[in-house]
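Pasting in a structure now, in structure tokens, and then I'll have a few things to ask.
First chain written, first letter: the chains are A, B, C and D, and each begins at residue 1.
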Amino acid sequence: MDNKLYNLVTKEEKCYGCGNCVVACPVNAYNDPAVAGGKGPEQLDKVIMCVENGVIKILNMGLCKGCGTCIEECPDGAIGLEVNYTT
Amino acid sequence: MNEIVLKPKDHTRISLEAEVITPDSFAGKSLDEIENMMLYQGNRSVRLKERFDVSGSPCDTAADLRIIIDGDAPRTKRVGEKMSCGEIVVRGNIDMHVGAEMTGGKITVEGNADNFVGREMVGGLIHIKGNALDYVGGTARGKMEGMRGGEIIVDGDAGDHVGNFMYGGVIKIRGNVGQSAGQHMRGKGTIIIGGNSWSRVGCEAADGTILVKGKVHLSTASLGYGCIGQVVKDPELGGDVIEGEFYELRADMGYEPKCGIAKVYASVGLNEHILPGGRTSVPRKGDMPVNRDMLPYLKIYHEEMIVKGGKK
Amino acid sequence: MTTETELLIKNGIVYDPINNVDGEVRDICIRDGKIVDSVSAEAKVIDATGKAVTPGKVECHSHMVGITPTSARIMRPEDIRTRVSASTDVRRAGGGRTVPNTWELGYEYAKLGFTRAYEAAVTPLYSKEAILEFNQYPILNKGIFTLFGNNWFVMDYLKSKEQDKLTAFVSFLLKTTGGYAVKLVNPGGNEAYKWNAEWNCHHADDPVPHFGVTPREIIKGLCIANEELGLPHSIHLHTNMLGVPGNYEVTLDELNITKGIAVGSDSGRVQNTHITHVQFNSFGGDEWRTFNSKADEIAKYINQNDHVTADSGNVIYGDATTMTADSPAEWALYKMTHNKLISNDTEAEDGVGIIPFLYSKKSPVHSVMWAIGLELLLLTDPWKMFVTTDHPNGGVFLDYPLIYSWLLSKKTRMEEAESSHGWALKRTGLGGIDKEYSFYELVIATVAGPARSLGVAKREGHFSNGAAANVAIWDINPLEDDLSRDPQVDKLATTAYTIKNGEIVVKDGTVVSAPMTPLDVAHAHVDYEIQRTVEEELKTKFKRYYTVQFENYIVDPDLYLAKSDRIDVVSGKVHFIPYATQTEEAVK
Amino acid sequence: MIEEKENIVCPFCGCLCDDGVVKVEDNKIVGTRNLCRIGHKKFESAQHGRAESPRIRKNGELVPVTLEEAFDKAAEILVNAERPLFYGWSATCAEATQVGCELTEACRGIIDCTATICHAPSIEAIQDQGAPLSTLGEVMNRADLILYWGCNPMHAHPRHMSRYSVYPRGFFRKRGRKSRTIMVFDPRRTDTAKLADLHVQISPASDHMLVHTFREILNSYDVTHETVAGIPADAIRETMEAMAQHQWCILFFGMGLTQQMGKDRNIDVAIQLMHELNKYIGIRTTLMPMRGHFNVAGANITICSETGYPFAVDFSRGYPRYLPGETSAMDVLYRGEVDAMLNIGANPGTSFSNRALSHMAKIPLINIEPHNQQLLQISDVVFSPAMVGIECEGTAYRMDNVPIKLRKVVEPPENRLPDVVILTEILKRVKELKGKGA
């Protein structure tokens, strides 16, 4: 499951913990209906990230398909996507 | 005319509620009875004589009675509330609700008055020789009927919301007014403003007339001044002919035609900025209202608030 | 709750329609808050010689607590200002006519002789608020009608034709949100309104947008669910197209839907549908110009069919605040009056509209509405048609005595009709009605009828042994005074005594004691398996429909319902479990 | 052993998110999940920096005393006052406010909540104009046009957009953010504006003008000026046209509108616009104030159902009276008309004018506040209660007036009573003292 092509990087000091990225992420919403309805994730093993202690935390990087939705929905650049072009 | 003179003894920080000070309730009472009438102060009540020196000649008919508050009473609320006849003269400043809900008679205030002068007034005359604060001829919250009749004259300036929800009667302000004069006017009332008017004159008014002899500040497209009907010369309003040329404008466009049309007259000379294509909108520094405490009409009584002796 | 003292009401003229007592001079004995055969010699005596003694009145439809009246209170400070009462050692301060605060409501209802009242529409999401307010509502027993008519879960289950799950859902929602009965307001129509202010369900077969079910299906489904559960009260129905000329056809059509559904409860009710404020739904004509009364048609239907009871929803001239979950009707009023309108849409459940309104004698339409309410009451069996004003929609409950006077006396009624607009007599049949209520019939329409219809008649609303000692004593002698000549409005307006659970709460129009009383909550039992299935389904759907968590949606019984009487319903058998015994159970 | 408590309601802002997870170890809060940065901080720091248990000012110093002594002192202050003010109620539960109303009535004082300095203009506008309202779930399920006017939820209500309005996939808006249009009206380029489809950067203090111009267009009049509120006329027309393309619209407004010049008049005209949108072009529109404190809506609702008026209720004559401008907290303090004050669940130290604060310093002040805050410097009786929603239960109302039960997460420290108990004890003593006096 380890996906080396995409990598999400977070800057916790910039994060408001608003959860925009968590809810906007199509993978999260597909895997966890609670997230689709705007609530916090209930099945932590099925979502890419969640807000923990008020800041964003990546849980399962392997699920990310690199669509970049989360980046668009962060006004503060607290989450970013690294694409590894070499692999 | 018989006179009863009330001389205020001292000012308390907590306002007195003196709705008993009307010719109607003084009529037919002896001086002794008047002295023992109850005023409210906070959650206590006091006798009139504890706060005022009472003298004069009582009489039986309220219409022949003149009450004189001989001095400053900036902490006495509700004087002349619901009065129907007679006369009240205040030789100084007065607190809120002077002449509220009054139906007749005359009140003269030689100083300034606080908020709610002539609130929900039905008839009579209130003459404020100084300035008045907000909601002159206005309404208490929620009630959609403000002043219905009578006349209010303010020789100085007035605060915001003059004639809020006004249904009838005449308000004449010789000086400037704050914002939102004549907001929500619903009836055939008339407001005549001698000086300048701050923004939003007649906003959401459904009926009535407002005339501004000075400049209408911040008069914007938002007031529908684009819809200029005509220039009117010497319009007749509130029983007087007002000299000069005025733009006749529709105050609010949103209301249904059946509600009537509220009109705003703005003097031609000073108000070119409201013509179509005129420069408006962005308020410049000079356009903004001055700091509230700096406005002349607000310098009423607050100085006396410096309290003797702090607690700690 | 109960007092240990004994009370003897001597020589009163007793009216007790449930026991067929029509004006007999008798004693009423009370011990420990209950009616008994006899009391000891130490009992406190109230001399009721020459006074009418009736059971405490029951308000079957009123808007008193919850988000709707509170929004109206917030919007109408000018109403509170019209009438204020200061606090005393016994009572709290308050004020208001159309939207008084909770304390004032309790005291004023008690002064009018009421001892039980039901809040007619509470959105489940807001029920915590209604319960908090009811916990601050003195003297009267109370209950909440929970709104079901536009609930998405109801429509989902109807769409998939899963009646058993619908029944389980009704039971679940009543239990978890502290409800007493099933209320339907403009079934389906509010859901349509939420998409566009002009949309509505215009007749029983007008499908709801997206869900595709019709008001007919909603009414039928909920009625069946109600009877399968055997709840103490039947469905409480506010039909579609309220306040629209010509709506009587829709009303008759929708009344016919539940005909033939067997009553499944032993609470003493005979109806399976209670249609509420039917005055607003008895309009004839095509538009306001041709507006007329069809009260006779509605009255005929109700008289001929036993499956319906109704309340009148009279109009009284003067200031009112219309508030109803029927938001399309309020929107229509807004377009007419441009008065201040609050509407509030609740997610997945229902909506609400509030607008102040003035009923004027000069208005032809209002005059006809005034007459329709009286026609309905006069033409219908009082066991089936109860007096309400749908407070504060048609008028204020404080003015109930006016309605009583119009019912008791043709003379008073005609005086009012003649001072109204001419349509009051031209467009209605009111002028041709000679009937005058006897005091006995008035007691039926205000006490016995509502008590039976609401399913509380086993416990109160009469003077049988063991019934709750809720008594109103009136300074009126119906045996000697001719109420048809002088209906004595002022004496109908305040009781000489109101007695609640054996305690004197009102004496000569003054509140002398204000006990706090419990709320009725219906717990209807359904099969455990289906209950669990439904709860699991709800949990999943909640994630999509709601913004609160399922666990936080449920009303916490300890914090909110600690002092509630429980009405347990097991296969149609109603068991009343007062909260005192509940705590004993818990201790055991 | 770390215990995870689920469905915890966050007692910070008006969003009242109720899906929080709080991790507790040995009665210590060690972490949270799903809560935003502010909510996390509220829980994390709840158990630190607590004010000392009851203290009374003696010779200028706050000295620790027994609870009994503090209750007696508080009751004595209130009974002797001619015009006591009971202020706050926004960061406590509805049950405490109910007791507070009874206490105010017993003392014949004034009760006011913090709405008086934030969303009171919204309430006043509703009293003049009514309002089309809805719950947040309606927004989630139906809204395809969301207007944020004079508010910045990304900073003040961080989870508002992700949980209720913009991002969740609603029942009828299955694609979440992609199904919706977001417009932000704000003079600044805020973080919320960065996420919007359209940011209308109006010039300050001209909100009323712009709303009114929208109304003009709706009423088939043209914009006659080149620019209004700093926006070119064409842009205004296009914005209105874009708005009209939608089906279900909500206007969220914040203090940028309510505390702007004009105050309630801005809301008044906005409500009129919403009514007209409903009426003329058939898009369903509602609006909602972005309430700040977690229970400020609850304070209004509770005070209203108890007394009949939503805030600024004066009981000095035994019955309730209400007139903002005369009986509101700011005005009575500004005019120096208060001679004792009880503050609960609010921090006027940061929000009142200097003049009001200087008057507060002169009068006896009872402060019920869990943490050390600025106001303690001038308080005479200090209670440190258990925190509602963290250390005790209670009811709070979300910004759309939906009641939610706050849960208890940890046990309160010793000697920390819930607000309800503190107020009930004071009330009991006030009644005793009043009884003696009579």
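Note that in this section a contact is a pair of C-beta atoms (placed from the backbone, for glycine too) under 8 Å apart; a residue touches a chain by one contact, two chains touch by 3 or more.
A quick note: this is a predicted structure, and the numbers were derived from the prediction, not measured.
Participant: Higher C-beta contact count, B-C or B-D?
Facilitator: If we tally the contacting C-beta pairs, B-D comes out ahead.
Participant: Find the most central chain, measuring centrality by the gap between its CA centroid and the centroid of all protein CA atoms shown.
Facilitator: D
Participant: How many Å are there between the centre of subunit A and the centre of subunit B, using C-alpha atoms for each centre?
Facilitator: 61
Participant: Roughly how far is subunit B from subunit C, going centre to centre by Cα mean, in whole Å?
Facilitator: 46
Participant: I'd like to verify one number: the distance from the centre of subunit A to the centre of subunit D, where each centre is the average of its C-alpha atoms, in whole angstrom.
Facilitator: Chain centroid spacing, subunit A to subunit D, equals 32 Å.
Participant: Can you tell me which residues of subunit D touch two or more of the remaining chains?
Facilitator: 19, 127-128, 140, 163-164, 169, 315, 317, 322
Participant: Specify, in ascending order, the residues of subunit C that touch 2 or more different other chains.
Facilitator: Subunit C, residues with two or more chain partners: 75-77, 81, 339-340, 544, 546-547, 549.
Participant: So which bits of subunit A are touching at least two other chains?
Facilitator: 34, 36-39
Participant: Which chains touch, pair by pair?
Facilitator: A-C, A-D, B-C, B-D, C-D
Participant: Okay, in this complex, where on subunit B does subunit D touch?
Facilitator: 13-15, 17, 40-44, 96, 115-116, 134-135, 140-142, 144, 165, 179-180, 183-184, 199-200, 203-204, 218, 220-227, 253-254, 276-283, 288-289, 302, 305, 307, 310-312
Participant: Provide the residue numbers of subunit A that touch subunit C in the complex, in ascending order.
Facilitator: So the residues of subunit A touching subunit C come out as 33-34, 36-39.
Participant: For subunit C, which residues count as touching subunit B in their complex?
Facilitator: The touching residues are 75-79, 81, 338-340.
Participant: Residues of subunit D touching subunit C in their complex?
Facilitator: Of all residues in subunit D, those touching subunit C are 6-7, 9, 18-19, 94-95, 98, 102, 105-106, 123, 126-138, 140-142, 163-164, 169-172, 247-248, 275, 278-279, 282-284, 286, 300-302, 304-310, 315, 317-322, 393, 395, 397, 401-405.
Participant: Mind pulling up the subunit C residues that touch subunit D in the complex?
Facilitator: Touch list, subunit C to subunit D: 65, 67, 69-71, 73-77, 80-81, 84-87, 92-96, 99-104, 125-126, 128-129, 132-133, 136, 152, 194-198, 210, 331, 334-335, 339-348, 354-355, 544-549, 551-552, 556, 559-560.
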